[in-house]
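Here the chain labels run A, B, C and D in written order, and each chain numbers its own residues starting at 1.
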């Protein structure tokens, strides 16, 4: 019963096979190999335009490098207050960004609303030179609460940002999960809605360690090779990074894997609801949040269930957590089984 | 005929097998898994003392994180002027180190001598507060010239450094190659000779992407987890990093692979010498440097040989490079074949 | 009618005189002069213990250098969300601190309460290594709202901080104004209440450009000379910085000047109250905040009054700002006159 | 006998007078005052074109802010190996520049030659992304050896730089001394010769603490206000900075003061030559370097003479420093007296 994180899953077999196949013979390092070049073309096809792609090994690296590249050190990155970049990266964006500042907004379900963004932009003293300048809007898709921005929501937020010269970044560690739910093309969900730079995640989805920073305007990527290198994020045997991503994209594997994870989350939410444990937020990706009794928690822990209890300021007003209850996060993945879910629910029910 | 770099080789089969085996089931991420814990113990055994180990994906990350951790931002890292950290990492040590300064010394064969170090320490204005303070001595073992520091050389340099409170870092991207040549234990070649922190390389030796920062005094590693995380260098599916390193160390694989690479370099040097192309520096690891005619270079290029021409300020006085000649670097690896070497030499001979 | 800022005032005559006197003859630069040495002793007397003092030219420099010196790059500086360091220094603490993170708390009158601090410390995920580590509590005394922390409030906050190894910084740009109001000694208001490092302001109080970072445990100041130098904040003709501060402290000038500024604020508040414009927050230093009608604002502007309209999230619940009103900030200084105040109030009344 | 540094002198009386006069009344802070606006116009007149000017309190701040503004973090600043920015600023350029790299060239008399620059540009591996990219050429005028670049030398160096997209920075801490010697206009000595950004020094020349960063293409100065602010280098009572610089420039005071300092250096060199102590480098500004016997040194020290002994790698080949001799640096200033010089020489002669 592994619901601690989608990175507790292993690697999708097709990706391991790709690593094996890539091991034949020699290849120039640092991205000068054929697999990397193929992959770069593949990304441009996927997004239906010329893009600039930079592979790295972690999502934190992808986010921090992307943000540092589109914000000056005196820039503000506006994000949700519970965004991964704000809470779970130990200050990586600030470090890579030369001391830039994250400005965290409130918003139910870890989503920023256009009105919250507008209010922040209007009511805050910016620039001049005493204050930082709003430089980036960072949206997580799917969010840390397992919710998903609708394309019109992204478009509204992006329009607001762009009207003030603010770049739009999307943290897509679970981009595939969102895409599958939305039924959109990758292009529709990103640059067509106003996204400038995307952290495209594959690790949580089934790769071993592969993420991509995608610039939709490749001019914006100038000097990114140097930034990545001096961040220690240019992998030397780069073909093994490229083929992970290539296998992830081949024959829609990434969407198949994400669909399974989402389906498992749906099943989990449905079963939990059936025993009175309604999901705290809409289940739109592969995360289910629920408030359980400490008693149920003890039973689950005793049975070896893996998941995290947590706190959030983004709860709906209707959700109250009593002193003998806990908010828990359950994450499904491409390898979650129905059996594990059903067993979890049985134990939760007591 | 792939002599461009040891990272043009693939992955040793035993390491790929380990990745495959590690894929069974779930495991907590971020180094909380069993494989990582096993590996940490393995490193302490290898070095015959309690050590603190941090795995990362690139040698640049290992070096930059290690140096930043033992130098304040106003520190000087004293190294050879042609060290990898000084020339080939696009300023990663300066970036991670908050603007620290590399001070490059001259020295034949990319080696620092104790007298050069002593002279620099004595003749330079340090600290006070107008000047940076010498904080780290960084030695590359084996060096960028394919030479190796003898244990007494390291001990002399380290004693000098330590007498002034300077930490000793070893860039061991090719540590195995040096160790095999020296016939020492890992402990003898490092902390017993005065090394405080080691970048232990596996990638060039046969791993996919695995390097370790090893602190011999684990107290010195305090907060290194945070530094690594905010550098984006904490791999989420960490077991796959750990098992690469574990397989590398199992049954002496790392030394077997290094021995092959060194043997191939010896063979290459011997064959080239036989046709009058003496190695520029002693061949003590898996690199051979030679001065060839432009004519020979053209022939080799036409035949598809892969290697780099380069320039160096560390040549022995006796070596002159005529205007119709080139200094070339030939790197062997665990997968270099005798056939490739022999073919290369035949073509070089013309 | 200059109420825009206390830095719109000039220099107290005694301080200008000191500059004139200091101009006789030669003196070694960079703080090696006699005036600096005298001043260092003077500070130790003032604070009744051996302290380490570093003079700089701006309050932003004092704050940013102090915070960077007591927080690692992965540290969190907990402060009020409307603190000067958070809002008005364009990210200087983040820059000097290598990308540290400011965590802004809410609190009426720009004051942090012990319960708000306790809740933040308990409810936030810290360290581990995904999250930043609470490293510094920064209190502004007097606050940006012109309120003052009572010694027991500081002691409670500091005790909480220290129990978790968190250093306590005080931004004392208006320290003299607070001290005069509290009727405490400098020692009582700082280290005796638990403060570890103080930004001691003189510029707003009457100096030309002189601020001091004061470490109450001088061991904590190790390497601060280097940090200041590489920040470009070591003034070469340092005697002219030292004598400003010396004159400021001589014969209680600093307290006399602050008392005048506070008295003027009290008068302003009293007169405004008399016409129905109650101060928004208690007037405890040299700042008065009031809500005025747009009509009054227009009259005052037309008459040449200098002040800023602003917004705040720290208002008492009872204060509402109607759409035809403005929150304004009025700052008095050592050179504010009763005549200006009285004229301001007459015009405000209409 | 104060020859330790030109910053051991006090402040020119006219500049102190200006501070006194500027103290009348209130003025908006942070450069919004009239004096600052006047000064900005004055600089544009001086340089015969629209320039962007930023005042700061130290030369280190001016240099570090200027370099950081025209170099990316992965840039190389090419300078003389003994330049102030490389040796005497404790890594300020690296800190402000986000970890940029200084590349120090050799050259007699602390001057870079066009051929040395050309060779470095050609023979070094740059960019790509493993190496830093040459971004700035920094020339010190007058140099740390008291020598001066001729306009054609600057033009040649600048042409070489510009042909590769490299910006040209001039560290003009002693710009006035050079200008007086060269007999050029400020425009001829800077942008007309190819300089892009100038650190214009006034402190060593007679101000209290006033330096300016001057961008000759004001577009290049975009966001410099934010960079200065977050460096803690925006002085609040800014008028007092502006009037120092204004008085320095008024009626050619700066040139008069520099001429005196240069004349004193000439006199000192001439007198020393007469007793057999030839200057080591041509005396072209206000610095004289000489090799004296330890015996003479002891006599001078006993008599209270203030100066520094030093070491240099930029000596002419003909100059050898015997083991019983010392290289000493003697700096004259606007307040150096003939009497002090004559006394110094008498004692040196013994």
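One rule holds in what follows: a residue touches a chain if its C-beta (ideal position, glycine included) is under 8 Å from a C-beta of that chain, and two chains touch if they have at least 3 such contacts.
Fair warning: this is a prediction, and the values are worked out from it, not measured in the lab.
Shared contacts of subunit C and subunit D, meaning chains that touch the two of them, come down to A, B. Looking at B-C alongside A-B, one finds more C-beta pairs in contact between the chains of A-B. With every chain reduced to the mean of its CA atoms, the largest distance from subunit A is reached by D.
Taking each chain's centre as the mean of its C-alpha atoms, subunit B lies 50 Å from subunit C. One simple way to say how far apart two chains are is to compare their mean CA positions; for subunit A and subunit C this gives 41 Å. Centre-to-centre spacing of subunit A and subunit B amounts to 35 Å, using the average Cα coordinate of each chain. Multi-chain contact residues of subunit C (touching two or more other chains) are listed as 30, 73-74, 89-91, 94-96, 98-99, 129-130, 132, 226, 229-230, 234. Here subunit A touches subunit B in the complex through residues 2, 4-5, 7-11, 13, 16, 19-20, 22-30, 56-62, 64-65, 89-92, 94-96, 203-204, 208-209, 226, 229-237, 240-241, 306, 335, going by the rule given at the top. Put simply, subunit C touches subunit B in their complex at residues 30, 72-74, 98-99, 127-130, 132-133, 223, 225-230, 234. Within the complex formed with subunit D, the subunit B residues making contact are 73-74, 87-91, 94-102, 123, 125, 129-132, 310-311.
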